[in-house]
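Have a look at these structures, which come just after this line.
The following pair of complexes shares a single chain, chain A, combined with chain B in the former and chain C in the latter.
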Partner chain A sequence: MTIAWAIFKKELRTFFVSPLAYVFLGVFLLLAGFFFSMGVSLTGEASLRIMLANLSISLLFLLPLLTMRHFADERRSGTFELLMTAPVPLWAMLLGKWFASLALCVILLLGTLLFPGILAYYGDPDWGVILTGYLGLLLACSAFVSAGLFSSSLTDEPVAAGLIGVVLLLPFWVAGSISEMVDTDGLRSALRHLSLLAQIEPFNRGVIDSAAVAWFLLVTFGFLFLTWRSIESRRWR
Partner chain B sequence: MNQIWRRRIAYGSNATLVSVMIIGVLVLVYLLADSQRVRWDLSADALNTLQQDTEAKLRVLDDEQVPVRITAFTYQRGKDDTVLRDRAVRDLLVELDLRSEVLEYRIVDFDRERLTAEKLGVTDYGTVVVQRGEDRIDLRDRDMFRRNPRSADLPFDFLGEGALSRSFAQLLAPTRRVAYVLQGHGEPSPTDRGATGLSELVTALDLERYEVAPLDLLRTDREGRGPVVPEDAAFVVVAGLRSGLTPQEDDALLAYLSGGGSVLLALEAGQAAPSFLPRLGLLQLEGVAMDTVLVFPFRDRPVPVYRDHAITQALRQSQKISVLAAPAPLRATEPLPEGVRHSPLLVGGRESWIERGGPSEGGGAAYQAELDAPGPTLMAVAVDLLPGGELVRRTRPPAKVLVVGDAEWLTNGLLLEGPGNRDLAVAAAQWLAGDEARLSATVGRPTAQRRLALTGQETERIRLISLLLLPGLVALIGLFTWWGRRGR
Partner chain C sequence: MIRADHLSKRFGHLHAVRDVSFQVEKGEILGFIGPNGAGKTTTMRMLTGFIPASEGRAEVAGFDVFESPMEVRRRVGYLPETPPLYRELSIGEYLRFVAEIRGISRSQQIAAVGRVMEQVGLAGWESRIVGSLSKGYRQRVGLAQAIIHDPPVLILDEPSSGLDPAQVAGMRDFVRQLAQDRTVILSTHILTEVEQLCSRVVLINGGQILADEGIDEIRRHAGGGVRYRIELGGADPESIPAQVGALAEVEQVQPLPPQDGLAVLDVRAPGDPRTAIAALATARGWSVRAMERRVPSLEDAFLALIGVER
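And then the complex of A and B:
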């Protein structure tokens, strides 16, 4: 656990000394602000629903860019071999990097707390709905980060890793839209189960759905497992 | 070399197999979680929690295992509240879908999928089509949403759950029942599409699975027996008589009531009332019920006040007004005949009176103390005839009569003009037919949005803060960090 903690701290430190961090944070908050003001002017609601729904899609594209360097960069700079030969358990390395990325997501989301504050100043928002909305977004971040880690473990090129991450997550986004066009009930139902938007939607309405929580946790675990297998395969490939 | 490849293939196959198995297990775990899902609604108004009545109907639908298909067409893009309306419908359908095994829904973009709209014969934005087997119910915008008169910041209430719940109740009704409309005395005709006809009422009742058929009680059958009300009658409508009923017709209707039947008796001011009206404990008074305050839009078109009753429950809740045209005032006899129980349904406001002629005031009728009678006026009464009383045999179920001092409210001209007239007619039909369960289903919990009351200046301020403050702050921190680490 100490090793995982050390990797966690190192990853966070590396991130915040790089200008990329601030560009990333700035772009994210600009998008959040845009979606928030759009939601307010479009519906006049004291709600973050439009902002949170759009942010979940934006993060689907942004988070693989955040996680792309994790393994790809290590391999390119030659530190990966060092890590693999050091007495560092694979799971500790994986958890350390995953938690570090998730902590960054928490920092990103904390940055958006200004918006509920604005709603509270001008209106009477439903705090239960806001709370579950943030919980849903955090769960989505956890799944996206693990998918990003997996894509990063597949290649030496960070940019390629980022693109692979987006491609991996894209079906989860488009499944919802395709399901609306499908006539077959069974297929439509299957696509809805796969859809990220369908899974995150209950949270944005103020509902904690055990199946949706399970979906995000299982997707997270699934990609972390695949990352573990992918890194481990380096030992016998 | 071969050994290395063999090792790679062995390890690779093993890794792939294990990965596929683990993913399979994850999918199974999700399916298990999906089948055993638990939901916690943390919204302040429990907006995502269905009412018990709706849940009960979904359970009945599931028990019968007949698929229910809901096709919801979107609202027109670019209009005010389109986003909110579409979202409210979608949210409700998601909740219903989660709680039913037989329900399937589909959201159709009305502009993009015209073919689907044409196939279903849908011509209006926001229509929701509920299908079960051969049966189908269309819900329109007015069924799903209600303008909110209380506040400009809350533009509408969403009544979708109540509307869909009612449609489930209609689909669950086992058979179509027949409402007979008495003919032969100059009454409005069910087939007449003009302003004085009843074709709109027929359409409204048809949607509620009541078939409307004319009833002729003047003719005898081939064996010379006097005519009787058919056994399959859910209720009989006697509306707008221009001449009195013959003794034979009176007898037929009384015989029907004595067996536990139901009659909607819609009178006309100045026209003959059935002779059995006093036996119901009611008298039709001379004159016309008028009002100066509660009118729509003239004094002889009073907007009655709803009294508490199963028929008016939904109307009171949804605050929909009904309109009568020059209604005949009613009065209860004292004492009431044995076995007769009255429930006043529609009464005039405090400014109502019974107009009996005399000079007018500014082109409209005015109260003259020496000629007219003061209000409040009684315009409709629900009458329960108990078994063992004067009219209903002891062994039969109670009979029901709804007496309204006006018949014009049922005609095409007024049925759609009065916002609540259609609902009042449908609720009356359901009460008379003994479909009280369906009456309760019409009561939906309205849900409104939490809105921000912002001026243009405030909206602009929010936009500036949202777009500039946080990104600017991050850029500043980034600059300081870069400056501090310069040259390291």
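And then the complex of A and C:
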């Protein structure tokens, strides 16, 4: 556990000394501000529904860029050899990296707390709904981050890793729209289950849907497991 | 301390290491030499457990590399060919991170970092960013990383590559000092380094061991021992080789291309034939420019063993 903690601290430290961190933070807050003002002016509601839904899709594209360096960079700089010849269990490495990426997501989301603050100043927002909305977004981040880790374990090229990550996550986005076009009932409901927006929707209504929570956790652990398998199998080649 | 037992490694169709076996005892510095691409790095990676062997087994510090990888990792210090550094961190941060993942307890981390920085000559450099360091200093940080947990076994992959001559000398002294109570494998293609540091040499080429012996034995194998290079001038240079060859002390004369009108001979003899040749030269009235005794260098031995004609 202390080793996972060491990896966690190292990841955060190396991230925040790079200018990329601040560009990323800036772009994200800019997007959030745009979605916020769009949502408020379109609906006239004191809610974050529109902003959070749009941010979840933006993060689907942005987070793989954040996680793409993880294993790809370790391999390219040779530090993977350091980690793999020190007594670092693979799970500790995965856990440290996953938690570090999730912590970055928390920091990103904390930045957007400015917007509920504005709502509270001018109106009377429902804090319960805002809280569950953020919880849903954080769960989505957790799934995206572990998909990103998996894509990063597949290749030594960070950019390729980023693209693979986006491609892996795209089905979760388009499944919803495709399901509308499908006639077969079984297939439609299957696609709707795959859809990110369908899973995150209850959170934006103020409902903590245990099935949706389980869905995000399943995707998270599924990708973490695949990452673990991919790293193990690449050692043999 | 280290035992490689019929290790082989295949990458797809490439047979990078074939049936490599050797042992290194405590306190020994083993020179692991061979041309680039010979399989040195692959073998070392198998010994550290970084990559699994296709066949065979390895034992380090009493533990099987494959069966008890964590025990082996705890006892090995490893410096890969390119030092494994995080460019964004400062030297202090980097070494503290290594101390943490090496399982050094919190209370001892600062002391351990201070000790290795002192040892490799980086005292006072804690806050320097690793990415801004020159090659020589990066190598020092790499070495500090390898010894921070005071391992009984050290595996160093070309530790002096890219260093300037003063740094190379410093690195050698340091490795020699480290080896006093440790077991060291040192891969290199700088043969003078091997001559200065190592008692034994394993020579590998094409993934196979060509020689595993003391340095003197390897030298003896190469080019048939001591030779003499003799340069003589006389009225009739053409006849000089035959006349020298007729001496009882001389076993064989190989004429080399003449230089500046002088006959140049490569002489092989059981004892030192130079007094006899000098006496002959005086009797014939020849001039003598050079009489040089040549001990085959490790370079010669190396090239002879890997089958390259010089």
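FYI, the second predicted complex is superposed on the first by the 237 of 237 C-alpha atoms of A that agree within 3 Å, B and C clash if a C-alpha of one lies under 4 Å from a C-alpha of the other, contacts with A are read in each partner's own complex, and residues count from 1 in each chain.
The rule we apply is simple: a contact is a pair of C-beta atoms (placed from the backbone, for glycine too) under 8 Å apart; a residue touches a chain by one contact, two chains touch by 3 or more.
As the structure is a computational prediction, the values presented were derived from the model and not from experiment.
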For the combined arrangement obtained by superposing on chain A, do chain B and chain C clash, or do they fit? fit
May I ask you to decide whether A:91 touches chain B, chain C, both, or neither, giving the answer as first, second, both or neither? neither
Applying the touch criterion given at the start, work out whether A:218 contacts chain B, chain C, both or neither, answering first, second, both or neither. first
Which of the two partners, first being chain B and second being chain C, lies in contact with A:2: first, second, both, or neither? second
So after the superposition, what angle do chain B and chain C open up at chain A's Cα centre, nearest 10 degrees? 170
Residues of chain A touched by chain B versus by chain C: which partner has the larger set? B
Could you look at A:114 and tell me whether it touches chain B, chain C, both or neither (first, second, both, neither)? first
Now for A:17: first (chain B), second (chain C), both, or neither, which partner does it touch? both
Shortest CA-CA distance between chain B and chain C [superposed frame, angstrom]: 5
The intersection of the chain A residues contacting chain B with those contacting chain C is 17, 236-237
Within the complex, chain A is touched by chain C residues 11-12, 45, 48-52, 70, 73-74, 76, 78, 80, 82-89, 93, 97-98, 100-103, 145
Within their complex, state which residues of chain A touch chain C. 2-3, 5-7, 9-10, 13-14, 17-18, 77-89, 235-237
State the interface residues of chain A toward chain B in the complex, per the touch definition above. 16-17, 19, 21-23, 25-27, 29-30, 32-34, 36-37, 40-47, 111-112, 114-115, 118-119, 122-129, 131-132, 180, 185, 188-189, 193, 201-202, 205-211, 214-215, 218, 221-222, 225-226, 229, 232-233, 236-237
Would you pull the chain B residues touching chain A in the complex into a rising list? 7-8, 11-12, 15, 18-19, 22-23, 26, 29-30, 33-34, 36-45, 47-48, 83-84, 91, 94, 104, 106-107, 109, 153, 449-454, 458-459, 462-463, 465-471, 474-475, 477-478, 481-482, 485
